[in-house]
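Both complexes shown next keep subunit A, but they swap its partner, so subunit B is in the first and subunit C is in the second.
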Partner chain A sequence: MKKQSLFARDSIYMLIAAIVIFSLRWTLPLLGGYSELATRMLIFSILVLGFDILVGLTGYLSFGHAAFWGIGAYICGYILLHFTQNILVAMILGVLIVSIIAFLLGIITLRRHGIYFAILTLAFAEMFYYLALAPLQKWTGGDNGLTGIKTPQLFGLELSGLAMYIFVGIWTLIALYTARRIKNSPYGLMLRAIKSNEERLTFTGINVFRYKVMAFLISGIFAGLAGTLFAAYETYVPTESLHWTLSGEIVIMSVIGGFGTLIGPMMGAAIVLYLENVLSAITDQWNLILGVIFMSFVIFLPGGVMSLSKQLRRLFSRDQVPANRTESQGGD
Partner chain B sequence: MSNQGKKTKTLSRRSFIKTGVAVTGGLMLGNQLGIGPVHWSARAQDYPALGNFPVGDKVVFGFNVPQTGAYSDEGADELRAYELAVEHLNNGGGMLATLMPSSLTGAGILGKEVTFVTGDTQTNPDAARDSARRMIERDGVIMFSGGSSSATAVAQQYLAQEAKVIFMDCLTHSNDTTGKDRQRYGFRHFFNAYMSGQALGPILAERYGTDRRAFHLTADYTWGHTQYESMKQFTEAQGWATEDNIMTPLTTTDFSQYLTPVLNSDADVLVLNHYGGNMINSLTQAVQFGMREREVNGKTMEVVVPLYSRLMAQGAGDNIEGILGTSNWDYKLSDEGSQAFVTSFEAKYGFPPSQAGHTAYVQTLLYADAVERAGTFYPPEVIRALEDYTVSGVGPGAVEYRGCDHQAFHDILVVEGKAPSARDSEYDLLETVKQVPRAEIGYECDFFPGELGPYGDES
Partner chain C sequence: MSFSQFALQLLTGLQIGAIYVLVALGLTLIFGTLGVANFAHGALYMIGAYFGLVVSSQLGWGWAALLVPLGLFGVGILFDRGLLQFFYKRPVTDQILVTFGLAIIIQELARTIFGGTTKPFPAPQWARIPVDIGFGYYPPWRLVIIAVTIIVVILLFILLRYTKFGLMVRAGMRDPEMVRYLGIDATRLFTIVVGLGAMFAGVAGIMGGPAYSIEPGSGMAMLVPSFLVVVIGGMGSLVGAVIAGLLMGLAVSFSVIFVPAVSQVIIYLVAVIVLIVRPRGLFGVEGIG
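Now for the complex of A and B:
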C-alpha cells in the first residue's frame, strides 16, 4: 500500500470523527437528549476505546477497568479540590499514577488467561472500591464521594459547559487517533496475533508477556485519562466510579458497539448512555429494555453495531466480504 | 495477512458512515415517542438570567427518586406523594386546606399549571446527577426533589448550586446534608442523626436507666458515622458508657462475626446504627443470637435502632417488637395537616403513606408556597422566601427552614416497634412513644462547619 493513500484515508476518517464528535452537543437535544450528555458520551467513549485495545485487539477480557477510571477520577478530583485548579496538572498526575498502578496490576494479572484473568482484575478493582469506601474515606469522602470540587481551569479559562465539551472533544480525537495508529501499526498486529494464537507467537520466540503488559498499560492509561476528565466534568467523584457495575457497563458498551473496531465501542458507549438516560425518564423498566437489547446483540449480532453495516453490505454487494474476524468473540 | 488487514481498514470507514447514518435514523425514530426537546431557558424579565425559567403557561418539577435498586420501594412511595402534591397544587385538596399561613391557590403556581418529569437515581449519586442534569437541561425543571440516600442528596445539592436550580431534599438523614455539605440551593425537611440522638437520649435513660453500657454496630459510611457520633454523645450525656463500636462494611449481610464481640463484652445495650437491608439483617441476627433475652450485670439487654423506616420495620417483621428508634413522621398522627394528607393519599392509593412520602409531599408544597409569596420563580427570591420562614399545618406543630443551614426544624417522633398482636394492618408497625417538640431538639448554626454559598444574584 502506498503511504499517501494511508494518510489520505486517515485524514478522512479523522475528519468524519471530528465532525461527529463536535456536533454531538447540538444533535443530541434534537434526539431527546441534552447537550451535557454529549460531554459524558465522549468521556465514556475514551474509556471504552482503551478497553477495546485490551479486549478487542489483545483478547484479554478485563472486568476491572473501573479501577483505572476511578483512580484517575479520584486523583484528579483530589488535586483540583486541594491543590490547584489547573486541569492539566491534575490530569497529568492522575494519568501518571494510574499508569503505575496499571503496570503493576498488569504484571500480576496477565500471568493468567481467560476467566481467571477476568476474575483477578475484578478482585483488584473491588479492592480499590472498598479502599475508597471505608479505610481511605478521610481522603475520598467515603460514601458521599468527593464533593465540592471547584470548576477546573485551563490557563485561566473556566472549563464548564461548552468549553469543557470542546476540551473533552479534543482529547477524544487524540485518543481515537492514537488508538487507530496503535491498531494499524505492526505493534497492533502483534496484539492481534496474541488474540488469535498466543502460544504460536511464543514459539516464534517473541516475548508475548511484554506485549500484553504494554496493551494493559495503554488500556489503563486511556481509562485513567477518561477518569480524570470525568472528575473535571462532574466536579464530583462518586464511589460508584470504582464499582464493578461500571466495569460491567463497559463490557456491555463494547459488545453493543462491536469489539476490536475502535469506533464500534465508542458508538456502543453513546447508545448505552443515551438509552440509560432517555429511557429511564420514560419508564422505570428501562433496565429490562437495556437487558433485552444487550441479549439481542449477543445472540443476533455478536459483532455489534459495526457488524450490522457489514451484514447489510453483504446483502447489497456481490463482492463477498471474507468472514468477519471481529465476530467471533468470547473467552476461548 | 496484510492484504486482509488493508481490506478491513477500508471497510471500517464505510461501515462507520453507514452505521452512523443508521444509528442517527434510529434515534430520530425514537424521538417520535413524544419526548421532544424542551428548550433550556434562562429568560430574564426583571432579573438577570440565572437557572431555569418556566416557559409558557406551565411549570415543570423534576422528581428524581430511586426506581431501581435497594430503595425502590421508598422511591415509589415518594413518587406517589409527589404526584399527589402536584394534583393538589393544580386542583386544591390535601394540606392546601391546613397550611397556615398559605399563599397557595389550588390553581397552579402563579397561575401556571404544574407538570412534572421523573427520573431514576438508582441510589447511585452519579446516576442521580446524570438524571438531574437531564431534567434541568432538557426538561427545564424549575425545581427538583427526591432521593433515598444521603450520598445522592449531597451529590444533587452540589449540582443544584452549580446549575442554580433549587433542590428539595427528600429522605436524607446524615448530618452532612445540612452540615458540612449544606448548599444555598438545597433545603431539607427531613430530620437528621443529631436530632435522633437528642430525641432518643432522654427516652432511653427513662426506659433503661442511666447506668448502661452501650455497644455500637455502625454501617461504615458517612451517614453511619454521623449517627454513631450523635448517639454516643447523647447517651453519654445521660450517664451511659460506650463499651465499643464496630464499623461494619456497607455490604455486610452476615453480622455474626460482629455480634460475637458484643456477647463477649460487658455491654447491656446494643445500638444498631444501620439502615435498610443492613438493619433488617443485623436486627434479625441479634434476635437470633438471643440478645433480647440476655442478662448482663443483672439487667436485661436492650437493642436500639436510632432510625426507623416502614420499609425496614416490614423487613425485620416481628423482631421489632419493643425496640426503640426515631421517625420523622407517622401516618397515625392526629394533627389536621397529617390527617388531610393521609386521607387524600389513602383515597388515591388505598394504603397510608410512609414518612418518605410525607417529606416528599411537604417539600413540594412548601416550595410552591414560597414561589407564591416571592411572586416570582426567580430562584434567589424563592430561596429568600423559604429561609427563616415558619408555617404550620403540614404535620405536628410548626416547621421552619433555618436560614443559616437550610435544615427544617419541627417535632419529631420517638417510636417503638409494635407487637404483631397490636397491629391493625400491615402498615401499622410503629407506636409513637413521644412526640418530641421542636424546642427540645436543635443546635447552633455553626455547630457543624459548612458554607451555604452564594444566591447567584449578588453583584
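Now for the complex of A and C:
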C-alpha cells in the first residue's frame, strides 16, 4: 500500500513538473520574457540539478562546475562543427569525456574538504579556461569561442526553436526524475549523511570517499549534459562557458533557490535568468543588483526561496520553532 | 640562456611572487586567526589599485603611498565589523558564499564607477624608464615592488615575533578559543588582523596596478592564484605563504621562457602536483581543512 502511494506521489510530482516545464515557453512571454528564454532556463536547471546533488546533499561546495559545463559544450560543439550533425552522437561523446574528467578531478579534489575543495575545484576550472584560451586555441577557437556550428539534427529533424525546446524539456524531465530518485534513495541518504557528519559515517565502516566521488561524478555528468545541450541550442560556444563567473552563477542560482531541494535550484536558475533578461534591459548594473540579491539571501534567507514558506510560517505562528539552517550548511 | 637573462627572469619571478606573497599573507593571517576563508580578498586588492590610481593622479604618489595602506586598513576594519564578525561561527561554506557575494558587489561597483575597460595606471615618473642594474636594464618599479614586499614581510615578522600584539596573534592562530579564555580582547585582535590583511592587499594593489593594469576583474584574477599560494604553503602558515608565493612567481616567470605554452596554467599545475604529493601544503599542519 505504502509503495503504491509513494508511486502515486511520484507521478503527481513528475506530472506537475512536466506541465510547468512544457508550458514555460508560452507562460514566460506573458511575464515579459521571450519564448527562447524558456529553453535556456531548462538547460540551466539541468546544470543546477546536478550541482545540487553534490552541494545540496554532500555539502561539498564546488567552485569549478563551469569546467564540466564548458568541456561538454566545447566537445559537443566541436563534433557538430566538424563531424556530424547528429545531436545524440555529439551529446554522448561530450558527456562521456566529461564524466571521465569529472571522475579524475573528483579523485584529486575530494581528498580535501571545505575551503580546500572550493579552491581546488576553482583552480581546475581556471586551468581548463586558460587551456582553452591559448594552448588549445586551434581546436577551441581561442577568444572567439566555437562559432558557425550548424543546426543539430535528431534523426533528420532540425532541432531549433520549438523542436529544440521540447528536446531540452524531455532531458530536463529525465534529469529531474533521476535526481529525485537519487535524493530519495538510500544512496541519497548516504550522501546526506556525509553532509551531516562525515567522520561518523567513516567510523561506521563505510567507504565515504567512494560515495563522494560518485556524487561528484553524477553532478559532473548533469553539468556536462547541460553543457552539450547549451552548445547545440546556441550553436555557439563562448569562452565564458569555462570561466569562473559561470561557476559563480551556478552557486548564486542554487543559493537563491535553496540548496538540497532540487526544485529550489531549478527555480533559482529560472529566477536569475529571468532577472538577467528583464533587468539588463532596464539597467547596465544588473550584475550589481544580482550580487546584492545573492548576498541578502546568504545573510537573511540561507535556505533560499524554498525556505520562504517555512520562514513565513514561523513568523506568523505563535510557537517558536528554532531556525533550521541545516539546508545551507556544508562540509567543514 | 645567459647569466644576465637568467638573472632578469629571476627578478621578474620575484616581482610576480612578491604580489602573490602580499595578497596571500593577508589571506592566511585572516584564515589562521579567524578561521574565515575570505573570497573578497581579491576585491580588497582591487580597491587598493583603484584607490591608488585616484589618489596618485589627484594628489601625487607621496600621498598615495600614505593614504592607500591607511585607507585599506580602515576598509578592513569596516569589513570585519560590518560583515565578517557575524560569520566567524558559521560554516565555511557560508563564509565563502557571503565573501564571494561581497566580491561580486565590489567588482560591479568598480565597473559602475570606473567603467569595464582596462585602466592605465602609470607608475611614478622616476620608476618608468628601465635602468642599468649591472646585468641588464630593468624597470625600477618592479624593483620597488620587491623591496617594499621584503620590508613588509620583515616588519610583519618583527611585529609577530617581538611585540605583545604579535604574541597574541600567534596565540590566536594556534588556539583562538584559549585566547578568549585568557581574557584577551580577541574581538579587537581579530579586527586588527583583518585590517592588516586588507592593508597588505591594498599595498599589493597599488604596486600591482602599475605593473599589470586594472579592470574590475583584476580582483578575482588575483584572488585565485593567491589562494592557491596559501593552499600550497599550507592554510594559516605565514612562512608557507611567503615561500609558496615566491615559488609561484618563479614558476610563472621561468615557464614563459622555457615552456610558453603552459605559462598561463603553470600555477595550477604546480598547485595540483603539490597537493597530490602533500595534501596539507608545504608548511601546513595536519588536520586543518
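Quick note on the criterion: the second predicted complex is superposed on the first by the 311 of 332 C-alpha atoms of A that agree within 3 Å, B and C clash if a C-alpha of one lies under 4 Å from a C-alpha of the other, contacts with A are read in each partner's own complex, and residues count from 1 in each chain.
The rule is simple: a residue touches a chain if its C-beta (ideal position, glycine included) is under 8 Å from a C-beta of that chain, and two chains touch if they have at least 3 such contacts.
As the structure is a prediction and not an experimental result, all values here were calculated from the model.
S.K.: Taking subunit A as the common reference for superposition, should the pair subunit B and subunit C be classed as clashing or as fitting?
M.R.: Taken together on subunit A, subunit C would clash with subunit B, as the superposition shows.
S.K.: Let me test your reading of the model: by the given contact rule, A:122 touches which partner, first (subunit B), second (subunit C), both or neither?
M.R.: second
S.K.: Check whether subunit B or subunit C contacts more residues of subunit A in the superposed model.
M.R.: So, of the two partners, B touches more residues of subunit A.
S.K.: With the two structures laid over each other on chain A, which partner does A:278 touch: subunit B (first), subunit C (second), both, or neither?
M.R.: A:278 contacts subunit B only, not subunit C.
S.K.: Based on the superposed arrangement, let me know which partner A:313 touches: subunit B (first), subunit C (second), both, or neither?
M.R.: first
S.K.: Who does A:236 touch here: subunit B (first), subunit C (second), both, or neither?
M.R.: So A:236 only meets subunit B here.
S.K.: Touch check for A:30: first (subunit B), second (subunit C), both, or neither?
M.R.: It touches subunit B, and subunit C stays clear.
S.K.: Which partner chains sit in contact with A:16 here, subunit B, subunit C, both or neither? Use first/second/both/neither.
M.R.: First partner only.
S.K.: Mind working out whether A:294 is in touch with subunit B, subunit C, both or neither, as first, second, both or neither?
M.R.: It touches subunit C, and subunit B stays clear.
S.K.: With the two structures fitted on A, what stretch of subunit C runs into subunit B, 92-100, 110-118 or 182-190?
M.R.: Clashing stretch: 110-118.
S.K.: Of all the subunit A residues, which ones make contact with subunit B and with subunit C?
M.R.: After superposing on chain A, subunit A residues 130, 133-134, 284, 287 contact both subunit B and subunit C.
S.K.: Hey, which residues of subunit C end up touching subunit A in the complex?
M.R.: The contact residues of subunit C facing subunit A are 31, 37, 86, 91-94, 96-98, 100-102, 104-105, 107-109, 111-112, 220, 224, 227-228, 231, 235, 261-262, 264-265, 268-269, 271-272, 275-276, 279, 289.
S.K.: Which positions of subunit A touch subunit B when the two form their complex?
M.R.: Residue list for subunit A touching subunit B: 1, 9, 12-13, 16, 20, 27, 29-37, 40, 130, 133-134, 137, 141-145, 147-148, 184, 189, 234-236, 238-241, 261-263, 267, 271, 274, 276-278, 280-282, 284, 286-287, 305-306, 308-310, 312-313, 321-322, 325.
S.K.: Which bits of subunit B are touching subunit A when the two form their complex?
M.R.: Residue list for subunit B touching subunit A: 1-2, 4-20, 22-24, 27-28, 30-31, 33, 35-37, 40, 67-68, 72, 117-120, 124-127, 129-131, 133-134, 137-139, 150-151, 154-155, 158-159, 162, 174, 176, 181, 220-223, 225, 247, 249-250.
S.K.: Contact residues on subunit A for subunit C in the complex?
M.R.: Residues in contact with subunit C: 59, 61, 63, 108, 111-116, 118-120, 122-124, 126-127, 130-131, 133-135, 244, 248, 251, 255, 284-285, 287-288, 290-292, 294-295, 298-299, 302, 328-332.
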